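In order of appearance the chains are A, B, C and D, and numbering begins at 1 in each one.
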Amino acid sequence: MIDLAADLGFLKLKNPVLAASGTFGYGSEFEPYFDLAKLGGFVVKGLYYGPREGNRPPRLVETTGGLINAIGLQGVGVQAFSEKILPKIRGRGTAVLVNVCGADDDEYVAVVEFLDAHEGIAAYELNISCPNVKKEGLCPALSPRTTARLVGRVKDASKRPVIVKLSPNVTDVVEIARAAEDAGADGIALVNTFLAMAVDLETRRPKLANVFGGLSGPAVKPIALRMVYQVASRARVPVIGMGGIMTGTDALEFLVAGASAVEVGTANFVDPDAAVRILREIEEWCGAHGVSRVRDIVGTLEIG
Amino acid sequence: MLIDRNARLRETRSWGDYRLLGIDSPSLGRTARPGQFVMIKAAEGAVPLLRRPLSVHDAGPDGIELFFKVAGRGTAILAGKRPGDPLDIVGPLGKGFTVSGALNGKRVFCVGGGRGIAPLFFLARMLAGAGARVTVFYGGRTAADIPLKDKFEKAGFELLCSTDDGSHGFAGLVTDLVGREIGRGKPDHLCACGPDPMMKALASKARESRVPAEFSLESVMGCGIGACWGCVHRIKSGGGEEWTKICEDGPVFPGDRIAWTEWGT
Amino acid sequence: MIDLAADLGFLKLKNPVLAASGTFGYGSEFEPYFDLAKLGGFVVKGLYYGPREGNRPPRLVETTGGLINAIGLQGVGVQAFSEKILPKIRGRGTAVLVNVCGADDDEYVAVVEFLDAHEGIAAYELNISCPNVKKEGLCPALSPRTTARLVGRVKDASKRPVIVKLSPNVTDVVEIARAAEDAGADGIALVNTFLAMAVDLETRRPKLANVFGGLSGPAVKPIALRMVYQVASRARVPVIGMGGIMTGTDALEFLVAGASAVEVGTANFVDPDAAVRILREIEEWCGAHGVSRVRDIVGTLEIG
Amino acid sequence: MLIDRNARLRETRSWGDYRLLGIDSPSLGRTARPGQFVMIKAAEGAVPLLRRPLSVHDAGPDGIELFFKVAGRGTAILAGKRPGDPLDIVGPLGKGFTVSGALNGKRVFCVGGGRGIAPLFFLARMLAGAGARVTVFYGGRTAADIPLKDKFEKAGFELLCSTDDGSHGFAGLVTDLVGREIGRGKPDHLCACGPDPMMKALASKARESRVPAEFSLESVMGCGIGACWGCVHRIKSGGGEEWTKICEDGPVFPGDRIAWTEWGT
């Protein structure tokens, strides 16, 4: 028996595989495919205070080994979430994390304060890095200053642990991670999607109604893995790694590079049971390699 | 069983860019309803990355049939599969057309344009089984674009074909053909699948003549299971309109719930 | 007959397809495969003043739809280049551009001053963006300040037009482009490779001896295209676009997004004749779409 | 012609993970020399992106043969090709082994380890044709790893096999077998291809016994044509050492030019 438990300090997970926000609906969409209790946890779709329309379609374009999305964080808002959705997904034997969004600092705080009054949420994942909502990908995670300010405010307000989800669209992701950490982040998750674009040559128009979107999937894995390594090798808080994880091997590479847990995103679209398959592959690899506790391999990358 | 990784291609038929695949998959065959679709992985690995949505063209205890037109890389790869090849399929998915005892003895028009004919064979069969009197309308650009006409005829359906260039059947748009037939005698129900302009025109014809109508919508789909919010159309609900996931709440919607102005051409 | 000419202002090219630096050797490597005169031009491998060893192998890792390289700018230096290589490639009916490197500002200037004395170079492409030579991808193109300073110095020294090649590893590529432009750049080329990493799970070591490398190829196209559009839609100087161009359609998308010319990189490895195939595909597309002058489609992307 | 996009798979043979492909390609067959390699595209499209280097296993006026072991995705895809499938091949590339009239009547050892046997069939044939007396050494982990032994025997070569587990031939490393034979009678020339440790050990044996030796090196290759500087090994030249592109200056190098200490284990 492999000990799969993952330890984020502020949160113990039964295993290091979570489903990533925006790629796992509100969780229940996947119940026909597997028992949610198998997962370490899942992060529900980004939530604003009120309901949100999202962007006009087309919202998706497939690229070589990747997917550009410009959903625009369509969602039901905290009220409907806590009334209709949360009761169905809490207490199911897996950690529920909420991906928190806001148009400004106040909205982030309002979301957290509202949700704090409701049971069944293990932690917040602060989405300061969605490239699809403001013009040309602007978001708080592009600057250490806005990151620190926002994280500080949310931490002050929140009763729960706060994981800060970073953007890869930056020159120095370590600097942003440090700002988040210094402002009190309990953990860091990265990466969100890469600001990208696709052009329809025949119409000479962007393929996405929103013009820009966020690239995810195996295409971005090598950049995501680099960033996770850069941050994890310096951070004081635990790191959750993601970006293009499709297999157990991918996931293990992120763990070796320093992530304490991983999130599976786009892979959930390709295979509804991808996250549990990845978990099984991790377990098999550990078995075959005499690793009895998965967490022992976290950060074991040897350099030089 | 919602993921069938052991589906197997039994046989293929091809007409130009069109393909009919007969697939062994008891789990899919037994559970599929008309208007539902499957998500099929064209090739292992990352290119193309996503599954492709295809309507269930027919279903039975042994498996399903798919009918499609080669539109790009994914469908081209599927078109190259050979009998015996394994297929990786998620489904059946979505909410299909209404097939109920209430249509017993009623006249139902099933209207398909181009590859949009795909779900209508299964539908017509089930409607007929429920006692409805079905007329199938099948439109294409040329005679080469209505390859399934023999199949519908052999199955004994009343079939009216149209081609834009007049190379077979009615010369003109299938919507005009449907309009003519509605003029001759209003059906009790109408079901359609095809290009947006066709469905939009049909929707207004149906509204004018007060024929209840259902339409199967298309969209680029990320997941097919309601997880990505990629496949939205503008759908009316409770007085308002919202971007609604067609993979979950559709792909079939009553005509009066679809906000046509917000969508397509 | 389609008019293929591309106009960079300071440089007229017979067509908009160039081969990218580091992916086309010194040019002669491709002579067995096609007549170099078919190309708009080619950019020779990055050149320091002296010869350079490059990094230890392994230097390459393939990823999903991409290639990570950490060659480390191995090269012969200006002396050997001008004596042994330049005489073989100049005057061949295609523009020769030299990709200029330096460990510091002075070396960039020295390279340019040395080469200024030699005939047969159409322009310099200032490589301020190679991620494989300094620690964790550091390079001048990561900051507007270092970009401006270096470009200013090189422009003062150079008799030839200077194209500045930007890095995609930045938060705001437009800001860097503007700094280059303000400092006198005649043109802007982008993108260089994306800082990336790959891990060998079995050995738990990086797959590249250099740990980090630069990701190129179709995987990065959507991000590269976005950056080219962002810069080209605002720049006063012409833009050369690249990143994952494998086909004529890809190239045309970059032109539509605003690039006046494109460079073909990784594709040259896959097909030695990729650049001429891409050119042919551009020509065919123009023919089929009634475009009589390729340059008429530059920047024709319609937004909104 | 240096790119053959019309090469065609004629036949395949397989032994476990090993494959022999007979390929129709007169342009490659007529120009290839022993020790040269080709770059072959395993699949259209972006995964895998790069071509894969494979040595020319044999060549003749109609085409070439390749022999390889499935090592990963690219070779797995190649292993799945069927006769008649088109192949896209760049080659022949690189500089091969020395085959010259000067070896007439001389004793040459050709030493292959595992898949490293690939270039040695063509080499042995050409050496024999030039009048050399060839002994082929063929080492593998088990009897299953020396599938070409019958082929060499049938072609009339003197063949000495070794297996690490003793399941066929000499029990032990092929280097030890070569050492034993050198002890019995020094050859005039030695050619080898195999894993780095094997070649390193052979190089020192050859140096000790002053046998001129040539080695075919391996490396991950980006282009195979000298354009990427990805495939370098540490090679001595003019008193110094430098990272040298093995696709252009090799893959075959004289043992005394290879800086073994800088490379491999």
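Keep in mind that, in the parts below, a residue touches a chain if its C-beta (ideal position, glycine included) is under 8 Å from a C-beta of that chain, and two chains touch if they have at least 3 such contacts.
Bear in mind the structure is a predicted one, so any value in this text is a computation, not a measurement.
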item	value
Between the pairs B-C and C-D, the one where more C-beta pairs touch	C-D
Distance from the mean Cα position of subunit C to that of subunit B, given in whole angstrom	47
CA centroid of subunit A to CA centroid of subunit B, Å	36
Between subunit C and subunit A, distance of the C-alpha-averaged centres to the nearest whole Å	34
Junction residues of subunit D, two or more chains touched	46-47
Per-residue overlap in subunit A, given as positions that touch at least 2 other chains	61, 64-66, 218-219
Chain-level touch network, classified as line, ring, star, complete or other	complete
For the subunit B and subunit A complex, residues of the former touching the latter	2-3, 41, 46-51, 90, 219-223, 225-233, 242-243, 248
Subunit A - residues contacting subunit D, complex	64-65
Residues of subunit C that touch subunit A when the two form their complex	61, 63-66, 68, 136, 142-143, 169-172, 194-199, 201, 203-206, 211-212, 215, 218-223, 225-226, 229-230, 244, 249, 252-253, 256-257, 285, 297, 300-303
Of all residues in subunit D, those that touch subunit B in their complex	45-47
Residues on subunit A engaged by subunit B in the complex (per definition of touch)	22-25, 29-30, 32-33, 45, 53-54, 56-62, 64-67, 69, 71, 74, 217-219, 246, 266, 268-273
